[in-house]
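Think of it as A, B, C, D and E in the order they're written, each chain with its own count starting at 1.
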Amino acid sequence: MIETIVIPLLKIAVLLNAVLVSVTFMTLLERKVIAWAQSRLGPMRVGPYGVLQAIADPIKLILKEDITPVKADRMMFTLAPIISLVPALVVFAVVPFGGDELFYITDINVGLLFIISVTSIGVYGIILAGWASNSKYPLLASLRASAQLISYEIAVTMTLVSVILTAGTLSMVGIVQAQQDSGLWYGFVQPVAFVLVLIGGLAETNRAPFDMPEAEQELTGGFHTEYSGMRFALFFLAEYANMIVISAVVTVLFWGGWLRPFPSIDALAFLDLIPSWIWFFGKMFVFLYLFIWIRATLPRYRYDQLMRLGWKVLIPIAIGNIVVTGIAKVVL
Amino acid sequence: MAEALAFYTLSVLILGLAVAVITTPNTVHSVVFLVLNFLCVAVLYVFLQAEFLAVIQVLVYAGGIVVLYLFVVMLVNLGRSPEEHQDPRRLGLIGLGLSGAVLLELAGIIAYSYTREQSPPVTAAQASPVQGNIEELGWLLYTDYLIPFEVASVLLLVAMVGAIVLARRES
Amino acid sequence: MADEPKSGDKTRDPRSGGPQSALGEAAPEPAAAPKPKPKPKPKAPPEAPKGPADQPPADDQERPAYFGGFEKALPGAMEQVSYWVGDWTIIVPAAALLEVATYLKGSDDGSFDYCSDITATDWPPREKRFDVVYCLYSTRRRHRLRLKVKLGEGESIPSVTSVWPAANWLEREVWDMFGVNFSGHPDLRRILMPDDWQGHPQRKDYPLEGPGEFLLESPMEWLRLRNLPDEAEIE
Amino acid sequence: MATEASPIFDTDELVINMGPQHPSTHGVLRIVLKLDGERVIDADVVIGYIHRGIEKLSENRDWTQIILLTDRMDYVAAATNNLGYCETVEKLMEIEVPRRARYIRTVLAELQRIASHCLWLGTHAMDIGAMTVFLYAFRERELILDLFEDYCGARLTYNSMRIGGLPLDIPTGWDNKVRAFCDLMESKIPEYEELLTNNRIWLERTRGVGVISGEDAVGLGLCGPPLRGSGVYRDVRKDEPYAAYDEFEFDVPLGTNGDTYDRYLIRLEEFKQSIRIIRQGLDGMPEGPVMGKVPRLIKPKAGETYHAIESPKGELGYFIVSDGRATNPYRFRVRPPSFCNLQGLRPLIVGHLVADVVTLIGTIDVVLGEVDR
Amino acid sequence: MMEITPAHYTILSAALFSVGLIGVLVRRNIIIIFMAIELMLNAVNINLVAYANEVENLVGQVFVVFVIAVAAAEAAVGLGIILALFRNKETVNIDEMNVMRS
């Protein structure tokens, strides 16, 4: 009983809290990093160096008036942010944050596919938000979003197939163990796939330079134009939770999850003194930082260019990568 | 016990959502109910030890096909409900009756087949070693069912081309 | 707001007598010249200037080369020539404007392909109260020329949008501000003022305070509209 | 209107109001877009939301009072507006402006050009999604505002010129500050270029977007960088020199393709040319008074004139009529470059996507205060 | 009752199928009709998976994969046709879609 119910529930509770809290600090990190990139200071008022800004923001959002436009579809308008947040949180169930069983909730044999399929549900949140607002800019944004997310989902899934081929398993823990066995992070085995997943991940999470659905300068905020208060905050949470998911997936698939660098070289065994979860979070942080960095640097793609990139560049490369991986797998 | 509880809950959800799909006047709501229905079916698959299918159900059905429906519903932004126009030749009641008859017939068949003395169960011909094994499913797909598989892929290709041709605007 | 003119003036021009009239400030000098018809004044307000100086060029002023060709091609189109602080101005009749514009744009030694500006000036006492001014420039020859057309109230002037597409908005602004009608303009709407605005604010007889001509012309209608709730008409 | 759309797709037309409250319309511009999917099939540009009647207002103000009204037109380049107006009145009155004043005016105008282009660069890049350039450009603009503050005490609406010259001589040491700024600016331009010029996304977003041929640009009355971007050699500073421009050496950059990228490159090059002019102006600054001989009562003889200068946005012209009797102009007309450039927006955006509409509003660099006046 | 046999799944499947059938026969909105067809396909899938589980043979699951593939193809072409029809006739009412050419 304790083994099957209490411990998993405890883990879920801890993980959910950790994710939600880290999301609020992600916003602070993003504001700070972008500010430094732009030779500003960023938030400095709340607490020392503005660290309490991460708490002030959610409080503000909770206390704000939550407005539903008169002509909106009330049910869908409320449902949409929930739909976009829940899948983002559900996928954490299969992310292994460390080597020990303590650090993941479950390890299912279709783990990677589970992540892909559950995140694909998140698109409904954006589409329904745009539709339910009964407003033109959100509608445009949601049409953009649905096309963008489906296209990039294909590209990312295709790319992941080559990783699955290399690892020979769909389980997230299994993939890390496969990297341990082969002694190489798959980032070195599958560099093309790594780059494709990174680009696709940016597009899947609607981050710059692919933030078409919420392009403020074009669509005045996109699908969440009509949202305010807590419902807006849910979208916000979903976006950052998705960023964390993508970073975690990239870490697991390409950067050896909780493994230390060069797991096969015994001379570096002293690195194992650092606990596995620290390695994991360290790697994840690198990718989160990368996401923010890219946002501060790059202009935004145009919608048709984005689709062209997805269909005419990423998908063909992904297919080519599968073929090459398959041949290599057979030959070696 | 737990399985029964889960089954009945899911059954009620599946049927209830299905009824909601076909009765809701608002098409977008219909689509959302359909998605929820498919998610419940996916959970059912998990209970039937078909995890791969469950994931595929979510990925392809809920994440792909139904998004298409939603897309189309939003594109054909309806000014008026299609239900307003009634073709006098349409016999809705008879349709309802016919469906009821089909339900009765199906129920009859099931009842008949199970009240009869158990016919020898279909033998698990060459029982697969592991259940719900993706690897096994893959083997089956790529060996015994290779030709249907290829046919299916050609079908998808044709459908893709067809959809593009249909949706393309003449410029 | 502005008082109605007191003496028995029955001709419709309630605006000129207002204490804040532009005329009052613009022309401090008392009446010097007798004024014909357009503005019979009840209280003999200070006289308004009757028109621009349009100083003729000095005799020794060298004329631009393209003047010769212009006079030859369109005899009679050059009603008057003016030269002041380095700017050449040709005054042309409204009827000939389109021909003149086409010629000036096409001629090799003129080649005025760039329409810098179109504007107007209002001289109320004059019978042809409006001067419509076209500032032209040649990107090839690098010289300027101003065309001027004199126009009365209610007369229309051919639009030059077919010659210089740039004239589109500029003519719209002149219509908006002065009420000069451009015939053949593709899209003659108000541009700066709201679509439902009454009157043309840049005219010299436009009241400088209050809700404008509209109140003076139909006070009841103005009152009715003012009491209406605001209604946003947004597509 | 929807002649371009095939009849089969009529149902998808969407009329969308961009502005007057929209993050990228740079003020209160409103564009009514008719969309087919995301493609613009027709557009109507609606202006006039901050029409303050500056022309009418000026006809009832003193000749000197008008200077501070001109500040409020192109409020990101107030000094050039002052300059244009003062020069026009000086031309009308045939006043000789001292050479030192003309040099200072030129330096101020070029500083203003850099400031205006900084603002343009920042907002334009921001519209395309590059948010960092915005703050970099504003950082440098801030320094120019400081220089203006040193000179005349104001940071936005300067009222920094007078008919016949300047109200103030430059403060001591100001020229060295300007020199230091020029050096700094020169080192910062590569920073902008590094982020944008060779950026693949920037190239994709700007190349081939909003192409207009030189002939069309002249016909539509475009001026300033949009006109030069189409390869038309037209710069009032060269063609009809004013202030002290005839004494300085500088180049007029020209584009070849007439697209958004060319206009971007031209403005970046204008940064460098402006710095060049400022340096020449500071080095050759003559001694002498800064105010010419101006009658106590400014009252030009009856007559009219049109005078244009090259503002950062293009040809800024003033058409002023004096009736020779009043202490205010009889007719005061501004030829606003933004207004004429904005006229070219509709032909530019038709056929492009919504995202490009934002790019194209940015590339023609409008200031709505000037458009509406 | 407490033990779940394939019969339970079959009954669920039959009921779901009938609901889908009612949708197809009664509703006039062609998009709803398409969705009802998806419901019927799902009913079939439930049956296939249930029996595959019962007889411990994966062939049933293989068929489900094919059914999903066919459903995807059907959705793509069907929705394409709906869009084309809607453009021509501005309706999604199947009662009004009784003429091939418009």
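Just so it is clear, a contact is a pair of C-beta atoms (placed from the backbone, for glycine too) under 8 Å apart; a residue touches a chain by one contact, two chains touch by 3 or more.
Keep in mind it's a predicted model, so treat the numbers as computed, not measured.
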item	value
Where chain C and chain D overlap in contact partners, by chain label	none
Most distant chain from chain A, judged by the mean position of its C-alpha atoms	C
Chain whose Cα centroid lies at the greatest distance from that of chain E	C
Of A-D and B-E, whichever chain pair has more C-beta contact pairs	B-E
Geometric centre distance via CA averages, chain E-chain B, whole Å	5
Distance between chain centroids, defined by C-alpha means - chain A, chain E (Å)	33
Euclidean distance of C-alpha centroids - chain A vs chain B, Å	30
Chain centre separation (chain B, chain C; CA means) in Å	73
Numbers and ranges of chain D residues touching at least 2 other chains	8-9, 11, 17
Shared-contact residues (touching 2 or more other chains) in chain C	none
Shared-contact residues (touching 2 or more other chains) in chain B	52, 56, 64, 71, 75-76
Residues of chain D defined as touching chain A within the complex	14, 16-17, 22-24, 35, 38, 125-132, 134-136, 139, 195-196, 199, 201-202, 204-205, 353-358
List of chain A residues in touch with chain D within their complex	34, 37-40, 136-137, 140, 144, 208-209, 211-212, 215-220, 295-305
Contact footprint of chain E on chain B as seen in their complex	1, 3-4, 7, 11, 14-15, 18-19, 21-22, 27, 30-31, 34, 37-38, 41, 44-45, 48-50, 52-53, 56-57, 60-61, 64-65, 68-69, 71-73, 75-76, 78, 81-83, 85-87, 90, 92, 95-96, 98-100, 102-103, 106-107, 110, 114, 121-125, 127-128, 131, 133, 136-137, 140-141, 145, 148-149, 152-153, 155-156, 158-160, 162-167
Chain A to chain B touching residues, read off their complex	73, 75-76, 79, 108-110, 113-114, 116-118, 120-121, 123-124, 127-128, 131-132, 139, 142-143, 146-147, 150, 153, 157, 170
Of chain B, residues touching chain A in the complex	26, 28-29, 32, 35, 39, 51-52, 55-56, 58-59, 62-64, 67, 70-71, 74-75, 134
